[in-house]
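Reading through the C-alpha coordinates given below for one structure.
Chains here go by letter, A, B, C and D, matching the order in which they are written, and residues are numbered from 1 within each.
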(Lines give C-alpha, C1' and ligand atoms only; values in the text may rest on other atoms or scores of the structure.)
Protein backbone atom coordinates (compact mmCIF):
# COMPACT_ATOMS: atom_id res chain seq x y z
CA UNK A 1 0.00 0.00 0.00
CA UNK A 2 1.88 3.09 -1.22
CA UNK A 3 1.47 6.37 0.59
CA UNK A 4 1.19 4.91 4.05
CA UNK A 5 3.47 5.81 6.92
CA UNK A 6 3.79 4.59 10.48
CA UNK A 7 3.26 7.23 13.14
CA UNK A 8 6.26 7.41 15.44
CA UNK A 9 5.11 9.77 18.16
CA UNK A 10 2.16 10.56 20.37
CA UNK A 11 -1.02 8.71 21.13
CA UNK A 12 -1.04 6.81 17.84
CA UNK A 13 2.62 5.80 17.70
CA UNK A 14 2.79 2.50 15.85
CA UNK A 15 -0.41 3.07 13.90
CA UNK A 16 -0.39 3.64 10.14
CA UNK A 17 -1.85 6.66 8.37
CA UNK A 18 -2.00 7.96 4.83
CA UNK A 19 1.02 10.02 3.78
CA UNK A 20 -0.95 12.64 1.94
CA UNK A 21 -1.37 16.38 1.76
CA UNK A 22 -3.85 18.53 -0.08
CA UNK A 23 -6.52 15.81 -0.17
CA UNK A 24 -9.82 15.29 1.64
CA UNK A 25 -8.10 12.63 3.74
CA UNK A 26 -5.47 15.11 4.87
CA UNK A 27 -8.03 17.84 5.48
CA UNK A 28 -10.18 15.97 7.94
CA UNK A 29 -7.70 13.39 9.22
CA UNK A 30 -5.37 12.00 10.02
CA UNK A 31 -7.24 8.79 10.79
CA UNK A 32 -5.13 5.94 12.15
CA UNK A 33 -5.30 2.22 11.51
CA UNK A 34 -3.58 -0.90 12.75
CA UNK A 35 -4.18 -4.62 12.99
CA UNK A 36 -4.98 -5.92 16.44
CA UNK A 37 -3.49 -9.12 17.88
CA UNK A 38 -6.11 -11.14 15.98
CA UNK A 39 -5.33 -9.51 12.66
CA UNK A 40 -8.51 -7.45 12.67
CA UNK A 41 -8.36 -3.85 11.56
CA UNK A 42 -8.88 -1.14 14.14
CA UNK A 43 -9.21 2.53 13.20
CA UNK A 44 -9.02 5.49 15.54
CA UNK A 45 -8.70 9.24 15.86
CA UNK A 46 -9.07 11.82 18.59
CA UNK A 47 -12.13 14.04 18.05
CA UNK A 48 -11.26 17.69 17.49
CA UNK A 49 -13.32 20.83 17.16
CA UNK A 50 -12.88 20.66 13.38
CA UNK A 51 -14.90 17.43 13.33
CA UNK A 52 -17.92 19.00 15.03
CA UNK A 53 -21.11 20.37 13.54
CA UNK A 54 -22.64 23.68 14.58
CA UNK A 55 -24.43 21.94 17.44
CA UNK A 56 -21.19 20.76 19.00
CA UNK A 57 -21.62 17.12 18.03
CA UNK A 58 -19.49 15.19 15.58
CA UNK A 59 -20.67 15.91 12.04
CA UNK A 60 -22.38 13.04 10.29
CA UNK A 61 -20.14 13.69 7.32
CA UNK A 62 -17.08 13.13 9.50
CA UNK A 63 -18.46 9.83 10.75
CA UNK A 64 -19.33 8.67 7.24
CA UNK A 65 -15.92 9.69 5.91
CA UNK A 66 -14.24 7.71 8.67
CA UNK A 67 -16.51 4.77 7.82
CA UNK A 68 -15.67 5.01 4.12
CA UNK A 69 -11.95 4.97 4.80
CA UNK A 70 -12.33 2.20 7.39
CA UNK A 71 -14.21 0.14 4.79
CA UNK A 72 -11.04 -0.28 2.76
CA UNK A 73 -8.84 -0.80 5.78
CA UNK A 74 -11.14 -3.55 7.05
CA UNK A 75 -10.93 -5.16 3.61
CA UNK A 76 -7.17 -4.62 3.70
CA UNK A 77 -6.10 -8.19 3.05
CA UNK A 78 -8.70 -8.84 0.39
CA UNK A 79 -7.66 -5.65 -1.42
CA UNK A 80 -3.94 -6.39 -1.31
CA UNK A 81 -2.42 -5.41 -4.59
CA UNK A 82 -5.62 -4.17 -6.13
CA UNK A 83 -7.71 -1.03 -6.14
CA UNK A 84 -11.38 -0.52 -5.49
CA UNK A 85 -14.19 1.97 -5.18
CA UNK A 86 -17.09 2.23 -2.79
CA UNK A 87 -20.37 1.54 -4.56
CA UNK A 88 -22.67 1.56 -1.54
CA UNK A 89 -22.38 2.87 2.00
CA UNK A 90 -25.40 2.74 4.31
CA UNK A 91 -25.06 4.63 7.57
CA UNK A 92 -27.20 4.50 10.70
CA UNK A 93 -26.59 7.25 13.23
CA UNK A 94 -27.26 6.03 16.74
CA UNK A 95 -25.55 8.54 19.02
CA UNK A 96 -23.43 11.69 19.16
CA UNK A 97 -19.65 12.12 19.45
CA UNK A 98 -17.81 14.92 21.23
CA UNK A 99 -14.53 16.84 21.22
CA UNK A 100 -11.70 15.10 22.99
CA UNK A 101 -13.18 11.62 22.74
CA UNK A 102 -11.39 8.65 21.24
CA UNK A 103 -13.34 7.57 18.16
CA UNK A 104 -12.78 4.02 16.95
CA UNK A 105 -13.86 1.93 13.97
CA UNK A 106 -14.02 -1.84 13.70
CA UNK A 107 -15.71 -4.22 11.32
CA UNK A 108 -15.65 -7.40 9.36
CA UNK A 109 -15.55 -8.59 5.78
CA UNK A 110 -18.86 -10.40 5.31
CA UNK A 111 -17.82 -11.80 1.98
CA UNK A 112 -15.05 -11.11 -0.50
CA UNK A 113 -16.14 -12.15 -3.97
CA UNK A 114 -14.39 -11.85 -7.26
CA UNK A 115 -15.82 -8.43 -8.05
CA UNK A 116 -17.50 -7.20 -4.86
CA UNK A 117 -16.41 -7.08 -1.21
CA UNK A 118 -19.09 -6.74 1.48
CA UNK A 119 -18.10 -5.06 4.75
CA UNK A 120 -19.95 -4.20 7.94
CA UNK A 121 -18.73 -2.16 10.86
CA UNK A 122 -19.32 0.33 13.59
CA UNK A 123 -17.83 3.53 14.95
CA UNK A 124 -17.70 3.95 18.70
CA UNK A 125 -16.90 6.82 21.06
CA UNK A 126 -15.40 5.58 24.31
CA UNK A 127 -17.48 2.43 23.95
CA UNK A 128 -20.75 4.04 22.88
CA UNK A 129 -21.83 3.15 19.34
CA UNK A 130 -22.16 6.29 17.18
CA UNK A 131 -22.63 4.80 13.75
CA UNK A 132 -23.21 1.41 12.21
CA UNK A 133 -22.39 1.02 8.56
CA UNK A 134 -22.62 -1.48 5.76
CA UNK A 135 -20.71 -1.05 2.54
CA UNK A 136 -19.81 -2.61 -0.76
CA UNK A 137 -16.45 -2.20 -2.46
CA UNK A 138 -16.12 -2.94 -6.15
CA UNK A 139 -12.75 -4.18 -7.21
CA UNK A 140 -11.23 -2.24 -10.07
CA UNK A 141 -9.55 -4.15 -12.82
CA UNK A 142 -5.87 -3.28 -12.99
CA UNK A 143 -4.95 -0.78 -15.67
CA UNK A 144 -2.77 -1.95 -18.44
CA UNK B 1 -32.37 29.61 10.54
CA UNK B 2 -29.65 31.29 12.59
CA UNK B 3 -26.09 31.23 11.36
CA UNK B 4 -26.90 31.58 7.70
CA UNK B 5 -25.60 34.35 5.49
CA UNK B 6 -26.19 35.27 1.88
CA UNK B 7 -23.11 35.25 -0.33
CA UNK B 8 -22.66 38.62 -2.01
CA UNK B 9 -19.82 37.97 -4.43
CA UNK B 10 -18.55 35.50 -6.94
CA UNK B 11 -20.08 32.47 -8.54
CA UNK B 12 -22.53 31.86 -5.71
CA UNK B 13 -23.72 35.43 -5.13
CA UNK B 14 -27.30 35.24 -3.89
CA UNK B 15 -26.90 31.74 -2.46
CA UNK B 16 -26.97 31.11 1.30
CA UNK B 17 -24.26 29.37 3.30
CA UNK B 18 -23.60 28.63 6.93
CA UNK B 19 -21.90 31.44 8.86
CA UNK B 20 -19.53 29.20 10.74
CA UNK B 21 -15.87 28.78 11.50
CA UNK B 22 -13.97 26.04 13.23
CA UNK B 23 -16.55 23.38 12.39
CA UNK B 24 -16.62 20.46 9.96
CA UNK B 25 -18.95 22.50 7.77
CA UNK B 26 -16.41 25.30 7.58
CA UNK B 27 -13.52 22.92 7.02
CA UNK B 28 -14.86 21.23 3.94
CA UNK B 29 -17.27 23.86 2.68
CA UNK B 30 -18.61 26.28 2.05
CA UNK B 31 -21.54 24.54 0.42
CA UNK B 32 -24.20 26.83 -1.06
CA UNK B 33 -27.97 26.51 -1.14
CA UNK B 34 -30.88 28.39 -2.58
CA UNK B 35 -34.48 27.80 -3.57
CA UNK B 36 -35.15 27.63 -7.28
CA UNK B 37 -38.10 29.28 -9.00
CA UNK B 38 -40.32 26.37 -7.94
CA UNK B 39 -39.31 26.58 -4.31
CA UNK B 40 -37.16 23.47 -4.51
CA UNK B 41 -33.80 23.46 -2.78
CA UNK B 42 -30.66 23.43 -4.87
CA UNK B 43 -27.21 22.98 -3.36
CA UNK B 44 -23.90 23.60 -5.08
CA UNK B 45 -20.17 24.00 -4.67
CA UNK B 46 -17.15 24.15 -6.92
CA UNK B 47 -14.93 21.07 -6.53
CA UNK B 48 -11.46 21.87 -5.20
CA UNK B 49 -8.35 19.80 -4.68
CA UNK B 50 -9.19 19.57 -0.98
CA UNK B 51 -12.30 17.54 -1.85
CA UNK B 52 -10.33 14.88 -3.73
CA UNK B 53 -9.10 11.49 -2.60
CA UNK B 54 -5.60 10.21 -3.29
CA UNK B 55 -6.76 8.93 -6.66
CA UNK B 56 -7.76 12.40 -7.86
CA UNK B 57 -11.51 11.78 -7.63
CA UNK B 58 -13.92 13.41 -5.22
CA UNK B 59 -13.76 11.64 -1.86
CA UNK B 60 -16.83 9.60 -0.96
CA UNK B 61 -16.78 11.30 2.42
CA UNK B 62 -17.10 14.68 0.73
CA UNK B 63 -20.08 13.51 -1.31
CA UNK B 64 -21.79 12.03 1.73
CA UNK B 65 -21.15 15.16 3.79
CA UNK B 66 -22.70 17.30 1.06
CA UNK B 67 -25.64 14.87 0.98
CA UNK B 68 -26.07 15.03 4.74
CA UNK B 69 -26.14 18.82 4.72
CA UNK B 70 -28.41 18.88 1.67
CA UNK B 71 -30.80 16.55 3.48
CA UNK B 72 -31.70 19.30 5.93
CA UNK B 73 -31.78 22.01 3.29
CA UNK B 74 -34.17 19.94 1.17
CA UNK B 75 -36.37 19.52 4.24
CA UNK B 76 -35.97 23.23 4.93
CA UNK B 77 -39.63 24.14 5.09
CA UNK B 78 -40.62 21.10 7.11
CA UNK B 79 -37.84 21.83 9.60
CA UNK B 80 -38.70 25.49 10.01
CA UNK B 81 -38.32 26.44 13.61
CA UNK B 82 -37.26 23.03 14.78
CA UNK B 83 -34.09 20.99 14.98
CA UNK B 84 -33.36 17.50 13.81
CA UNK B 85 -30.74 14.82 13.48
CA UNK B 86 -29.96 12.38 10.71
CA UNK B 87 -30.81 8.83 11.72
CA UNK B 88 -30.16 7.11 8.40
CA UNK B 89 -28.27 8.02 5.25
CA UNK B 90 -27.89 5.48 2.47
CA UNK B 91 -25.47 6.40 -0.29
CA UNK B 92 -24.97 4.85 -3.72
CA UNK B 93 -21.84 5.93 -5.58
CA UNK B 94 -22.42 5.89 -9.29
CA UNK B 95 -19.62 7.99 -10.77
CA UNK B 96 -16.59 10.14 -9.98
CA UNK B 97 -16.26 13.92 -9.55
CA UNK B 98 -13.28 16.06 -10.46
CA UNK B 99 -11.51 19.31 -9.53
CA UNK B 100 -13.05 22.39 -11.08
CA UNK B 101 -16.44 20.85 -11.69
CA UNK B 102 -19.71 22.31 -10.46
CA UNK B 103 -21.21 19.85 -8.00
CA UNK B 104 -24.95 20.13 -7.36
CA UNK B 105 -27.47 18.54 -5.02
CA UNK B 106 -31.22 18.30 -5.46
CA UNK B 107 -33.91 16.21 -3.87
CA UNK B 108 -37.40 15.87 -2.53
CA UNK B 109 -39.18 15.34 0.74
CA UNK B 110 -40.90 11.97 0.32
CA UNK B 111 -42.89 12.39 3.48
CA UNK B 112 -42.76 14.69 6.48
CA UNK B 113 -44.32 12.99 9.46
CA UNK B 114 -44.67 14.14 13.01
CA UNK B 115 -41.39 12.63 14.11
CA UNK B 116 -39.58 11.55 10.96
CA UNK B 117 -38.87 13.25 7.64
CA UNK B 118 -37.97 11.09 4.63
CA UNK B 119 -35.78 12.66 1.93
CA UNK B 120 -34.29 11.42 -1.33
CA UNK B 121 -31.85 13.14 -3.60
CA UNK B 122 -28.89 13.06 -5.90
CA UNK B 123 -25.58 14.81 -6.39
CA UNK B 124 -24.51 15.59 -9.93
CA UNK B 125 -21.33 16.84 -11.57
CA UNK B 126 -22.03 18.88 -14.67
CA UNK B 127 -25.11 16.72 -15.24
CA UNK B 128 -23.57 13.32 -14.49
CA UNK B 129 -25.02 11.65 -11.39
CA UNK B 130 -22.30 10.97 -8.82
CA UNK B 131 -24.32 9.89 -5.81
CA UNK B 132 -27.91 9.01 -5.04
CA UNK B 133 -28.96 9.17 -1.41
CA UNK B 134 -31.90 8.43 0.80
CA UNK B 135 -32.10 9.75 4.34
CA UNK B 136 -34.26 10.03 7.41
CA UNK B 137 -34.28 13.05 9.71
CA UNK B 138 -35.65 12.70 13.20
CA UNK B 139 -37.21 15.83 14.59
CA UNK B 140 -35.83 16.84 17.97
CA UNK B 141 -38.28 17.98 20.58
CA UNK B 142 -37.61 21.59 21.50
CA UNK B 143 -35.69 22.07 24.69
CA UNK B 144 -37.64 23.90 27.23
CA UNK C 1 -37.47 -12.84 -21.41
CA UNK C 2 -38.63 -16.47 -21.16
CA UNK C 3 -41.42 -17.39 -18.79
CA UNK C 4 -43.43 -14.23 -19.30
CA UNK C 5 -47.01 -14.20 -20.50
CA UNK C 6 -49.42 -11.41 -21.34
CA UNK C 7 -52.58 -11.30 -19.23
CA UNK C 8 -55.65 -11.43 -21.43
CA UNK C 9 -58.48 -10.79 -18.99
CA UNK C 10 -59.48 -8.63 -16.11
CA UNK C 11 -58.01 -5.51 -14.63
CA UNK C 12 -54.51 -6.22 -15.88
CA UNK C 13 -55.32 -7.32 -19.41
CA UNK C 14 -52.38 -6.36 -21.58
CA UNK C 15 -49.87 -6.44 -18.75
CA UNK C 16 -47.14 -9.08 -18.56
CA UNK C 17 -46.55 -11.42 -15.66
CA UNK C 18 -44.27 -14.33 -14.90
CA UNK C 19 -45.51 -17.70 -16.14
CA UNK C 20 -44.51 -19.60 -13.04
CA UNK C 21 -45.94 -21.97 -10.47
CA UNK C 22 -44.54 -23.33 -7.27
CA UNK C 23 -42.18 -20.39 -6.78
CA UNK C 24 -42.11 -17.43 -4.39
CA UNK C 25 -43.22 -15.24 -7.28
CA UNK C 26 -46.29 -17.41 -7.86
CA UNK C 27 -47.03 -17.64 -4.15
CA UNK C 28 -47.32 -13.94 -3.47
CA UNK C 29 -48.10 -12.64 -6.95
CA UNK C 30 -48.99 -12.30 -9.61
CA UNK C 31 -47.41 -8.89 -10.00
CA UNK C 32 -47.99 -7.17 -13.34
CA UNK C 33 -45.70 -5.04 -15.45
CA UNK C 34 -45.89 -3.07 -18.65
CA UNK C 35 -44.13 -0.20 -20.39
CA UNK C 36 -45.98 3.09 -20.40
CA UNK C 37 -46.23 5.36 -23.44
CA UNK C 38 -42.76 6.75 -22.64
CA UNK C 39 -41.18 3.33 -22.41
CA UNK C 40 -40.90 3.45 -18.65
CA UNK C 41 -41.76 0.36 -16.65
CA UNK C 42 -44.86 0.36 -14.50
CA UNK C 43 -45.69 -2.46 -12.08
CA UNK C 44 -49.00 -3.06 -10.37
CA UNK C 45 -51.10 -5.47 -8.37
CA UNK C 46 -54.34 -5.36 -6.43
CA UNK C 47 -53.77 -5.72 -2.67
CA UNK C 48 -55.35 -8.84 -1.20
CA UNK C 49 -55.74 -10.15 2.31
CA UNK C 50 -52.81 -12.50 1.72
CA UNK C 51 -50.51 -9.48 1.40
CA UNK C 52 -51.43 -8.10 4.82
CA UNK C 53 -49.65 -8.41 8.15
CA UNK C 54 -51.44 -9.25 11.38
CA UNK C 55 -52.22 -5.57 11.90
CA UNK C 56 -54.18 -5.36 8.65
CA UNK C 57 -51.57 -3.37 6.77
CA UNK C 58 -49.53 -4.56 3.82
CA UNK C 59 -46.58 -6.61 5.06
CA UNK C 60 -43.19 -4.99 4.66
CA UNK C 61 -42.00 -8.23 3.13
CA UNK C 62 -44.62 -7.96 0.42
CA UNK C 63 -43.56 -4.41 -0.40
CA UNK C 64 -39.90 -5.36 -0.53
CA UNK C 65 -40.62 -8.39 -2.70
CA UNK C 66 -42.54 -6.23 -5.14
CA UNK C 67 -39.64 -3.76 -5.10
CA UNK C 68 -37.11 -6.51 -5.75
CA UNK C 69 -39.06 -7.80 -8.73
CA UNK C 70 -39.70 -4.27 -10.01
CA UNK C 71 -35.96 -3.61 -9.82
CA UNK C 72 -35.35 -6.01 -12.68
CA UNK C 73 -38.38 -4.87 -14.65
CA UNK C 74 -37.24 -1.26 -14.40
CA UNK C 75 -33.82 -2.35 -15.67
CA UNK C 76 -35.57 -4.39 -18.36
CA UNK C 77 -33.81 -2.92 -21.35
CA UNK C 78 -30.39 -2.90 -19.76
CA UNK C 79 -30.81 -6.55 -18.76
CA UNK C 80 -31.95 -7.71 -22.18
CA UNK C 81 -30.37 -11.02 -22.92
CA UNK C 82 -28.51 -11.29 -19.68
CA UNK C 83 -29.17 -12.38 -16.13
CA UNK C 84 -28.50 -10.62 -12.87
CA UNK C 85 -28.83 -10.79 -9.12
CA UNK C 86 -29.75 -8.18 -6.56
CA UNK C 87 -26.78 -7.27 -4.41
CA UNK C 88 -28.31 -4.42 -2.42
CA UNK C 89 -31.85 -3.28 -1.74
CA UNK C 90 -32.50 -0.42 0.66
CA UNK C 91 -36.11 0.13 1.66
CA UNK C 92 -37.74 3.08 3.39
CA UNK C 93 -41.27 2.51 4.66
CA UNK C 94 -43.24 5.70 4.59
CA UNK C 95 -46.89 4.65 4.82
CA UNK C 96 -49.26 1.70 5.01
CA UNK C 97 -51.16 -0.13 2.25
CA UNK C 98 -54.56 -1.76 2.52
CA UNK C 99 -56.68 -4.55 1.05
CA UNK C 100 -58.39 -3.65 -2.20
CA UNK C 101 -56.00 -0.86 -3.10
CA UNK C 102 -54.12 -0.62 -6.38
CA UNK C 103 -50.42 -0.87 -5.57
CA UNK C 104 -48.01 0.47 -8.18
CA UNK C 105 -44.26 0.56 -8.69
CA UNK C 106 -42.24 2.93 -10.83
CA UNK C 107 -38.60 3.83 -11.01
CA UNK C 108 -35.56 4.74 -13.01
CA UNK C 109 -32.20 3.32 -13.95
CA UNK C 110 -29.73 5.73 -12.38
CA UNK C 111 -26.82 4.17 -14.18
CA UNK C 112 -26.21 0.97 -16.09
CA UNK C 113 -22.53 0.09 -15.95
CA UNK C 114 -20.71 -2.90 -17.31
CA UNK C 115 -21.13 -4.94 -14.16
CA UNK C 116 -23.60 -3.05 -11.95
CA UNK C 117 -26.98 -1.45 -12.62
CA UNK C 118 -28.27 1.18 -10.17
CA UNK C 119 -32.03 1.57 -9.83
CA UNK C 120 -34.29 3.77 -7.70
CA UNK C 121 -38.02 3.63 -7.35
CA UNK C 122 -41.14 3.90 -5.29
CA UNK C 123 -44.26 1.93 -4.52
CA UNK C 124 -47.50 3.83 -4.22
CA UNK C 125 -51.02 3.02 -3.07
CA UNK C 126 -53.62 5.07 -4.90
CA UNK C 127 -51.10 7.91 -5.10
CA UNK C 128 -49.73 7.71 -1.56
CA UNK C 129 -46.07 6.65 -1.38
CA UNK C 130 -45.66 3.46 0.68
CA UNK C 131 -42.05 2.59 0.03
CA UNK C 132 -39.04 4.16 -1.57
CA UNK C 133 -36.25 1.84 -2.60
CA UNK C 134 -32.77 1.92 -4.02
CA UNK C 135 -31.12 -1.18 -5.40
CA UNK C 136 -28.11 -2.55 -7.19
CA UNK C 137 -28.22 -5.38 -9.71
CA UNK C 138 -25.05 -7.25 -10.54
CA UNK C 139 -24.94 -8.63 -14.05
CA UNK C 140 -24.11 -12.32 -14.21
CA UNK C 141 -21.69 -13.47 -16.82
CA UNK C 142 -23.39 -15.76 -19.29
CA UNK C 143 -22.79 -19.43 -18.75
CA UNK C 144 -20.99 -21.22 -21.45
CA UNK D 1 -47.21 -11.13 22.60
CA UNK D 2 -50.69 -12.23 21.52
CA UNK D 3 -51.06 -14.54 18.58
CA UNK D 4 -47.98 -16.60 19.27
CA UNK D 5 -47.99 -20.35 19.81
CA UNK D 6 -45.28 -22.83 20.70
CA UNK D 7 -44.69 -25.56 18.14
CA UNK D 8 -45.06 -28.99 19.72
CA UNK D 9 -43.94 -31.31 16.97
CA UNK D 10 -41.27 -31.79 14.36
CA UNK D 11 -38.00 -30.08 13.73
CA UNK D 12 -39.04 -26.83 15.43
CA UNK D 13 -40.71 -28.27 18.53
CA UNK D 14 -40.26 -25.75 21.32
CA UNK D 15 -39.92 -22.78 18.98
CA UNK D 16 -42.60 -20.08 18.82
CA UNK D 17 -44.42 -19.01 15.68
CA UNK D 18 -47.26 -16.65 14.84
CA UNK D 19 -50.74 -18.10 15.23
CA UNK D 20 -52.13 -16.59 12.08
CA UNK D 21 -53.93 -17.56 8.91
CA UNK D 22 -54.78 -15.60 5.81
CA UNK D 23 -51.88 -13.17 6.25
CA UNK D 24 -48.57 -12.69 4.48
CA UNK D 25 -46.86 -14.27 7.48
CA UNK D 26 -48.98 -17.39 7.11
CA UNK D 27 -48.52 -17.48 3.36
CA UNK D 28 -44.78 -17.63 3.28
CA UNK D 29 -44.06 -19.00 6.75
CA UNK D 30 -44.16 -20.32 9.24
CA UNK D 31 -40.93 -18.83 10.50
CA UNK D 32 -39.81 -19.97 13.94
CA UNK D 33 -38.15 -18.08 16.76
CA UNK D 34 -36.75 -18.81 20.19
CA UNK D 35 -34.30 -17.36 22.65
CA UNK D 36 -31.00 -19.19 22.94
CA UNK D 37 -29.26 -19.94 26.25
CA UNK D 38 -27.91 -16.36 26.31
CA UNK D 39 -31.30 -14.80 25.74
CA UNK D 40 -30.52 -13.87 22.17
CA UNK D 41 -33.18 -14.36 19.55
CA UNK D 42 -32.68 -17.04 16.92
CA UNK D 43 -35.01 -17.44 13.96
CA UNK D 44 -35.19 -20.40 11.62
CA UNK D 45 -37.13 -22.15 8.88
CA UNK D 46 -36.56 -24.98 6.45
CA UNK D 47 -36.30 -23.76 2.86
CA UNK D 48 -39.05 -25.08 0.61
CA UNK D 49 -39.70 -24.86 -3.10
CA UNK D 50 -42.25 -22.10 -2.42
CA UNK D 51 -39.40 -19.85 -1.18
CA UNK D 52 -37.42 -20.15 -4.41
CA UNK D 53 -37.22 -17.82 -7.40
CA UNK D 54 -37.43 -19.00 -10.97
CA UNK D 55 -33.70 -19.67 -10.97
CA UNK D 56 -33.97 -22.15 -8.12
CA UNK D 57 -32.42 -19.91 -5.48
CA UNK D 58 -34.18 -18.43 -2.48
CA UNK D 59 -36.10 -15.33 -3.56
CA UNK D 60 -34.72 -12.05 -2.28
CA UNK D 61 -38.22 -11.15 -1.16
CA UNK D 62 -38.32 -14.23 1.04
CA UNK D 63 -35.00 -13.30 2.64
CA UNK D 64 -36.11 -9.72 3.25
CA UNK D 65 -39.45 -10.84 4.68
CA UNK D 66 -37.67 -13.16 7.09
CA UNK D 67 -35.34 -10.27 8.00
CA UNK D 68 -38.27 -7.91 8.58
CA UNK D 69 -39.96 -10.37 10.91
CA UNK D 70 -36.68 -11.20 12.65
CA UNK D 71 -36.14 -7.48 13.24
CA UNK D 72 -39.03 -7.39 15.70
CA UNK D 73 -38.14 -10.72 17.28
CA UNK D 74 -34.57 -9.53 17.87
CA UNK D 75 -36.00 -6.40 19.49
CA UNK D 76 -38.41 -8.61 21.42
CA UNK D 77 -37.56 -7.39 24.91
CA UNK D 78 -37.38 -3.74 23.95
CA UNK D 79 -40.78 -4.01 22.26
CA UNK D 80 -42.47 -5.79 25.15
CA UNK D 81 -45.93 -4.42 25.54
CA UNK D 82 -45.70 -1.97 22.69
CA UNK D 83 -46.14 -2.00 18.94
CA UNK D 84 -43.87 -0.74 16.23
CA UNK D 85 -43.36 -0.39 12.51
CA UNK D 86 -40.31 -0.82 10.33
CA UNK D 87 -39.17 2.50 8.91
CA UNK D 88 -35.97 1.35 7.25
CA UNK D 89 -34.59 -2.00 6.18
CA UNK D 90 -31.34 -2.19 4.24
CA UNK D 91 -30.49 -5.56 2.76
CA UNK D 92 -27.23 -6.82 1.30
CA UNK D 93 -27.41 -10.08 -0.63
CA UNK D 94 -24.20 -12.02 -0.34
CA UNK D 95 -25.06 -15.57 -1.37
CA UNK D 96 -27.85 -17.91 -2.49
CA UNK D 97 -30.04 -20.28 -0.46
CA UNK D 98 -31.48 -23.60 -1.61
CA UNK D 99 -34.38 -25.96 -1.04
CA UNK D 100 -34.00 -28.20 1.96
CA UNK D 101 -31.49 -25.99 3.75
CA UNK D 102 -31.91 -24.71 7.29
CA UNK D 103 -32.15 -20.93 7.10
CA UNK D 104 -31.37 -19.01 10.29
CA UNK D 105 -31.54 -15.40 11.44
CA UNK D 106 -29.64 -13.78 14.28
CA UNK D 107 -28.91 -10.21 15.23
CA UNK D 108 -28.48 -7.57 17.87
CA UNK D 109 -30.18 -4.44 19.10
CA UNK D 110 -27.63 -1.71 18.43
CA UNK D 111 -29.59 0.84 20.41
CA UNK D 112 -33.10 1.07 21.80
CA UNK D 113 -34.09 4.71 22.14
CA UNK D 114 -37.36 6.24 23.23
CA UNK D 115 -38.80 6.34 19.74
CA UNK D 116 -36.46 4.33 17.53
CA UNK D 117 -34.86 0.90 17.86
CA UNK D 118 -31.81 0.08 15.73
CA UNK D 119 -31.21 -3.56 14.83
CA UNK D 120 -28.59 -5.39 12.77
CA UNK D 121 -28.52 -9.00 11.77
CA UNK D 122 -27.77 -11.69 9.26
CA UNK D 123 -29.46 -14.66 7.65
CA UNK D 124 -27.39 -17.79 7.14
CA UNK D 125 -27.88 -21.06 5.26
CA UNK D 126 -26.05 -23.92 6.93
CA UNK D 127 -23.44 -21.44 8.09
CA UNK D 128 -23.06 -19.46 4.86
CA UNK D 129 -24.19 -15.85 5.11
CA UNK D 130 -26.99 -15.12 2.63
CA UNK D 131 -28.12 -11.67 3.71
CA UNK D 132 -26.95 -8.98 6.09
CA UNK D 133 -29.52 -6.43 7.15
CA UNK D 134 -29.83 -3.25 9.15
CA UNK D 135 -33.19 -1.92 10.23
CA UNK D 136 -34.95 0.74 12.23
CA UNK D 137 -38.18 0.15 14.14
CA UNK D 138 -40.30 3.10 15.16
CA UNK D 139 -42.26 2.60 18.33
CA UNK D 140 -45.95 3.33 17.96
CA UNK D 141 -47.64 5.27 20.68
CA UNK D 142 -50.30 3.12 22.36
CA UNK D 143 -53.82 3.80 21.23
CA UNK D 144 -56.19 5.12 23.74
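Descriptive notes on the structure:
Criterion: contacts are C-beta pairs under 8 Å (C-beta built on N, C-alpha and C of every residue); 3 or more make two chains touch, one makes a residue touch a chain.
Since the structure is predicted, the reported quantities are computational estimates derived from the model, not experimental observations.
Two chain pairs, A-D and C-D, are weighed by contacting C-beta pairs, with C-D ahead.
Chain pair A-B has a twin interface among C-D, B-C or B-D; that twin, with over half of the contact pairs alike by residue number, is C-D.
If each chain is reduced to the centroid of its CA atoms, subunit A and subunit C end up 35 Å from each other.
Subunit A and subunit D have centres, each the mean of its CA atoms, that are 31 Å apart.
Look at where the CA atoms of subunit C average out and do the same for subunit D: the two points lie 22 Å apart. Shared interface positions of subunit D, i.e. residues touching 2 or more other chains, are given as 87-88, 90, 92, 136. Those residues of subunit A that touch subunit C in the shared complex are 87-88, 90, 115-116, 136, 138. Only residues 3, 18, 20, 22-25, 27-28, 49-55, 58-62, 64-66, 68-69, 83, 85-93, 96 of subunit B touch subunit A when the two sit together in their complex. Partner subunit A is touched in their complex by these residues of subunit D: 88, 90, 92, 94-95, 110-111, 113, 118, 120, 122, 129, 132, 134, 136.
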